[in-house]
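See structure below.
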Amino acid sequence: MPAAVLEQTINGLMSGSVYVLVALGMVLIYGVMHVLNFAHGVLFMLGGYVCHFFFTRVTGSYALSVLLSMGVLALVGIALERGVFRPLHGNLRNQVIASLGLILVIENLVVAVWGPNALQMKVPATEQLVPLGALRFPLQHLLVILVTFAVVAALFLFLKFSKPGTAIRAASQDRLAAMVVGIPVERIDWTTFALGTALAALGGALIGPLFLVFPLMGDAPMVKGLAGILLGGMGSVPGAVIGGLLIGVVESLSTLVLPTDYRDSVAFVVMVLILLARPQGIFGVRVRGED
Amino acid sequence: MLRVLAALLSLLPAFALAQEKVTVGIVTSLSGPMAAPGKFQMNGFRLAEEEINSAGGFALGGRKYLVDLKAYDTRANPAEGASAMQRLATVDKAPVVLGELHSGVAAAEAPIARDYGVPLVLTIPTGPGLTEQGNPFLFRVNANNDQLTQALADFVARQGWTPLAFIAWNNDAGRGGVNGMKKLLGESKIGYIGYFNVGEVDFASHVSNIRAGSARAVMLLMDEEPGSLAIRQIRDAGLKTQLIGTLAMGSDRFLKRLDADRLEGMVQYNAFPPNAAVPRIRAFSDRYRKKYGEEAHGFAAQSYDGLMLAVAAMQRAGTVTDGRKIRDALAAIEHDGVIGRIRFDSKGQAHPPVYVTQWCANGSRRILFPESLKADCGAG
Amino acid sequence: MMLEIRGLNAGYAGRPILGNVSMRVDAGEVVTVIGHNGAGKSTLLKSVFNLVPWREGAIELEGRDLLPLSPDRILAAGIAYIPQNRSVFPRLTIDENLRMGGYLLSSAKRLAERIDAVRQLFPMLAQRATQLAGTLSGGEQRMLELARALLMDPKLLMLDEPSIGLAPKMVDAVFNAVRLLRDQGKAVLMVEQNVNKALACSDRGYVMELGEILLEDQAQRLIGDRRVAQLYMGRR
């Protein structure tokens, strides 16, 4: 049985890593702009397609294609911030409606360009198997976890110690105060959007070789990522990481004792239970209790 | 000069408009989660349409009729299916409707077919309940899950591949297939059962549970895309268990998604082994490859037969407008199709042969069942 | 002349708040604007810092036109602004708050120098560098805001109700800090409800009502003015 527990923990860390990449982008954008971008899942999916395009059509290098996909999606993020979210600044309802509309637009666009069928990305790391005791995992499986951990660590260092990172935190805590100290908040807005969409693209590009690239590939990560954010505490970056990983591991381990078709429900039951005990989430700060 | 002009005109579709046309309704998935099998379905219909029309149409009462397919995208969505069926019956005035892939959508379309007296000929959905509703306007060309599982259960029992584990779609087709096998093999011969939802791609939990269990074989009740992912994940995790697949997994196309190493030894039931040494199958496979540049597929063959059958029924009924007469003709018809002899029972269900094929080490397939057609690598 | 405002109309589209306001702040001078709630005092400061959507007229700093400048450029030009509501970054440390105050400084060396200089004025901030700003008392947060505003070494500080919501002891500390700023050679333009104490540390004052300047005089003379005393100091 321990082998099964280890196996499911690693599986959970892998799916959890993907949730974390989606959640991080959403939570950063939410922090700075107070927008819940529901289109984040389709941006994740678009990242997978763009990576597939670069990998199969332009360069044979997967690593390069991942980076290019992040770059392209960062530009898409900037365009969305400029063209859609900034003009609606301060109107939360319209921003939510716009982000829901974006889902339809991007999904249909992808189907129009690449067709409705799932695409395959045959990268070397999916063919290479790594033995772990009695178990075996495709290298790509472990790469997803490692790359996510590295990116999370880099993001923490960036937010904690760099000047632009501190400015992102500052702007998300008090936008007026940020303007008062001379932080160009609009530049922070689009930088954060670019960072968030690039992280989503990374998620899509990492998972594509394992699970195919298809129009609905971002749906589950988006919903689970959102659950991770709520679990970790709305607006908290460490919360998004812990929340996302927790959802991934708990739903994986649950399949050892419960039928697998309950897996999705398990994640949400856990979320609801934790939020009942701690409404602000694991790392959440009480908004009114701040002063 | 005039002759050249006339020759040019004859190439234009506009010229064909001068002939009489019969609008045949098609419900299929051009987009959405079932778009991939939907393409095989359309390929089958288009091939039949082309063959009929290039021969100048089909003869009926001394006239020739061209077939004009009017296809609606039902996107695996019952509401879309119902509205498409309604449109075909009322706006497009199709005397007969063919197709559908999704059993749930077909269930939504069937009552409308009955209400408007338009026969609906299914060519792919396998949910056994569909032909148990007593709907006289519903016909099914392909074998349903009960028929497929019956053939497979016999085969599995003979091979001694029990306990049998499952990874199955959490829908009518998946649950129906599992329950059917349970009934046929007996509860004690069934191992782990894992269901997954459409769109799910991570089968790791199932792999782990199968490894922990004692199953001798795993049956994958799913379509091509999840199938390729499940097999990859099972083999990559080092599981050597015998794999049993559906008819979506016995094609060259499927091989391209994976590789011969991961597939070797896997068996699947099949309605249509494209390389079998049977003349009608060979002929169809050749025509299909010529038009589409790829190996023929069972879904295409079933759909091709469906359209040919509908045309034969119209000829027999002597009408291209009266759905009720066409229904009566269908109920009585006996048609030699590509997939075999098609005759509908009192419930509207045909009984085509079911095959079991197996992947060889070199990426070809052999036929294991039925015994009479047993043939080695390259024949399946 | 440090800051000069001439014929300023400002407010929101379809809702003008300031009407034809003209005023000035000279170098090294502390100027207080008094008036009832809703008189437009806060809007005046926000207009100078380009935080109000609609403005007409002239705002100049040492002869330089400020109207086209964004807030960060105005800060770089030499005006710091402390809004009325708390504006520390609650989940950044004191140190990080200070460093954000110097966001526009590109030289790390210059930033370190400025932080040192500010810490000498407010020693408490050096001792508690890694404490989260949100855990400070209200008065301490005000001090941090003042210190942070000094990071860019501004020529003019604009303070919106610096003493509001503070304990009496901290109110005195805030006005002492204003005196300290003047001793450093800074000009100060502040808006205050605590008219007595504000005028006591000011050179000049303006009285504003309904978006217009009613009166301008030496701070001492305003303290002695009967009407001012009646209207704003609750004295009869």
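Lettered A, B and C in written order, each chain numbered from 1.
FYI, contacts are C-beta pairs under 8 Å (C-beta built on N, C-alpha and C of every residue); 3 or more make two chains touch, one makes a residue touch a chain.
Keep in mind it's a predicted model, so treat the numbers as computed, not measured.
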Those chains that touch chain B and also touch chain A are none
Report the chain whose CA-based centre is farthest from the CA-based centre of chain B. C
Please tell me the distance, in whole Å, between the geometric centres of chain A and chain C computed from their C-alpha atoms. 42
For chain B and chain C, let me know how many angstrom lie between their CA-based centres, rounded off. 77
Per-residue multi-chain contacts in chain C, two or more chains: none
Complex interface listing, chain A residues touching chain B: 1, 3-4, 7-8, 11, 14-15, 111, 115-118, 120, 126, 129, 135-138, 210-212, 214, 216-217, 219-220, 252, 255-256, 259-261, 263-264
In their complex, what parts of chain A are in touch with chain C? 163, 166-167, 169-170, 173-174, 176-184, 285, 290-291
For the complex, which residues does chain B have touching chain A? 30-33, 35-36, 39, 170, 193-197, 199-202, 204-206, 208-209, 211-212, 225, 228-229, 232, 236-238, 257
Could you list, by residue number, the parts of chain C that touch chain A in their complex? 49, 51, 70-72, 75-76, 80-83, 85-92, 96, 99-101, 103-104, 134, 138, 148-149, 151-152
